[in-house]
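Letters A, B, C, D, E and F mark the chains in the order given here, with residues in each chain numbered from 1 onward.
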Amino acid sequence: MTPPTGATASRAAPAPIEYADASPEVRAIYDDIMATRKTDWINNFWKYLAHDPQNLRRIWSDLKEVMGPGALDPLTKELLYVAVSITNGCRYCIASHGANAWTKGMSAAQYGELLGIVGLANQTNRLAVALDVPVDDRFR
Amino acid sequence: MTPPTGATASRAAPAPIEYADASPEVRAIYDDIMATRKTDWINNFWKYLAHDPQNLRRIWSDLKEVMGPGALDPLTKELLYVAVSITNGCRYCIASHGANAWTKGMSAAQYGELLGIVGLANQTNRLAVALDVPVDDRFR
Amino acid sequence: MTPPTGATASRAAPAPIEYADASPEVRAIYDDIMATRKTDWINNFWKYLAHDPQNLRRIWSDLKEVMGPGALDPLTKELLYVAVSITNGCRYCIASHGANAWTKGMSAAQYGELLGIVGLANQTNRLAVALDVPVDDRFR
Amino acid sequence: MTPPTGATASRAAPAPIEYADASPEVRAIYDDIMATRKTDWINNFWKYLAHDPQNLRRIWSDLKEVMGPGALDPLTKELLYVAVSITNGCRYCIASHGANAWTKGMSAAQYGELLGIVGLANQTNRLAVALDVPVDDRFR
Amino acid sequence: MTPPTGATASRAAPAPIEYADASPEVRAIYDDIMATRKTDWINNFWKYLAHDPQNLRRIWSDLKEVMGPGALDPLTKELLYVAVSITNGCRYCIASHGANAWTKGMSAAQYGELLGIVGLANQTNRLAVALDVPVDDRFR
Amino acid sequence: MTPPTGATASRAAPAPIEYADASPEVRAIYDDIMATRKTDWINNFWKYLAHDPQNLRRIWSDLKEVMGPGALDPLTKELLYVAVSITNGCRYCIASHGANAWTKGMSAAQYGELLGIVGLANQTNRLAVALDVPVDDRFR
């Protein structure tokens, strides 16, 4: 993070750290991000997170593991990420993981259905809580 | 809730309405739920929602359409429902749609990955907001 | 939804669908919205939702039923909508349903009290959870 | 919580403080709660909050002002409180303010409509965010 | 919002109320804010809240008491405020209380750790709910 | 959840995995948890998370790093964890990290102030969003 410069102690959100300005530690993580993703650019999330190299390293390590190859296919993983991000109202995350989903083959019809499910679940989640519905024995 | 005592009809939430006690209007919806799902029972959510038949009819109609056959496979739809429900902390919805997911073939490995993604997204959603990360041009 | 154009697979949020460019299916819903509301324009929410006509039709049908004439007066319904939207942090919804509330006669004093209640409830909701307060028998 | 054992005074949350065991400072607030509400009992929220008399006094003072007579009628105020509490998933608050609403004349039909609105708003709040819908000029 | 045109007094939210345009009642609170904080300016939150003097007075009174001298040091109080604000996604609150934290001596390392904790807690909060983990006896 | 009956291995959430029943992989992590914390027991969170060893390992690794020695003192770290957990309504997390905070020296007065701040921030977070307050230049 960039602490206040001079006398005006105020900056709470800093600027992105570009590759050229990055420390060797940060640059090594940027390199791994690009190599893992087979791309030549770094998206803003990492550049802003890089003010704390420990956070950058840990979060990237987590994401690399969680979103890597596994039992769920890559597109389904992105759809889940988008669904959570919509529910939490994270504009950046909806945009970035939405873009990932399009890249991985999401169709317009699939996106429309995802929106329908996210909207519906947010509705019934509240109703189930409001009505204090007990979990059915068959679901236990 | 403490509704006016003695006025059973005015109780909006407290007890489930069983099939035997349901009005013809509610019973018709219960019948459609069982026919659509090819089961012989109604889970608690609908029995508690049935105190307001209009809500029961509308929400069931929505769910039938949204969770019905489409561009996303049935298991993926349930996974998305579970991911949203976890994020919102709806115990009933996690249990019911989790059960649906198991029934539709979710493996333990897939569930483990879903948990990993939901946890990670909840983490990065907050970090992206905290850092006020601007959406990259490439994501627009 | 607007799927990726050409090689840059990225657009996660598309553009509004204007009446002139809408399909007959979408246009029919737009017509119903304007007729029901006795206005000659469509607000952005529907124009963005229209990329998936099924979502457009279902959500409009839900809203028409839920916000239509009933046991709660129209202004109270809008106030409730605004209170939920503030709690969820939906800027668009606060603006649109807030505008509806003003149109339906909300006074500045009423809006001030709504803000007071929403703020207070968000405060006590957290305190009740933090203290794990058991529900009093008299409230059951 | 596991506070230092034996140090009752240092327990911040675990048990309700009954009137008979309350300090004069807390008892005075309990008296004001009962006098204001014209009842002879104190609900659990205040008894758990009373471990910190300053919080008890401040929150009660806020609630007394916000929920007191004003431009919105008493029932509408309770409905708004319930709507927010459902959205936040506060079981205690739904029960207590729901009971208040029944006492103040809420009908089953009104409660059914409130549930419909809260569910719908939670749905459209997410969709508006997902679609990044810009606020219409007419709403500004 | 689109309040009744021409009725400036009924506008509840749209513009800040500057000191020069404030009523004596509002001006007195502004004076107390500046005196308490030993500054010569009022930040936007209060200027927007001032459309409802009762809310302005009550919220300021609450904040003055809660954030005033006590058992937690001033910086820790601001850190807690920022952590909650990030979790709720309040951009304004993150910026204002983040600025306060820098002013009160928060280091870049401390802010990095705060971000790490907030992200992690948001992650494990969801996992604990998803897994329906019962509270250990030792924690009761 | 109702996993395929008889297939214990496929159950992802339902029961805790005790040390005696744990795989060598899981047991090694349990050992590290106990060694790091200098205790002889494992709390439920890890025992439920252990159904997916990869999640167990990653989340523990994250927590060990984030909550380990750093620029913020151990008690402040727990206070921040509790504040976020209250805001998210995670009963288990409030109890477990609350217990940690008591163990690390939190006083009843400090806990009372934490509750006050969390409640207040949840209140003002909503108000700032409702009023759409622009960030002051001095806070940028």
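Convention: a contact is a pair of C-beta atoms (placed from the backbone, for glycine too) under 8 Å apart; a residue touches a chain by one contact, two chains touch by 3 or more.
This structure is a prediction, so every number in the text was calculated from the model and none was measured.
Common neighbours of chain D and chain E under the contact definition above: A, B, C, F. Between the contact lists of chain A and chain B, the overlap consists of C, D, E, F. Chain B and chain F have centres, each the mean of its CA atoms, that are 26 Å apart.
Separating the CA-averaged centres of chain B and chain C is a span of 20 Å.
Between chain C and chain F, the centres computed from C-alpha atoms are 34 Å apart. Multi-chain contact residues of chain F (touching two or more other chains): 1-2, 13, 54-55, 58-59, 62, 65-66, 87-91, 95, 98-99, 107, 109, 112-113, 115-116, 118-120, 122-127, 129-132, 138-140. Every residue of chain C that touches chain F in the complex is listed here, in rising order: 86-87, 89, 91, 94, 115, 118-120, 122-127, 129-132. Residues 13, 41, 43-45, 48-49, 55, 59, 62-63, 65-67, 70-72, 76-77, 79-81, 83-85, 87-88, 90-93, 95-99, 107, 109-110, 112-114, 116-118, 120-129, 131-136, 138-140 of chain D are the ones touching chain C in the complex. Residues 89, 94-95, 98-99, 101-103, 106-109, 111-113, 115-116, 119 of chain E are the ones touching chain A in the complex. Across the complex, chain D is touched by residues 1-4, 9-13, 51-52, 54-55, 58-59, 88-90 of chain B.
Chain D makes touch with chain E in their complex at residues 1-2, 54, 58, 62, 65-66, 138-140.
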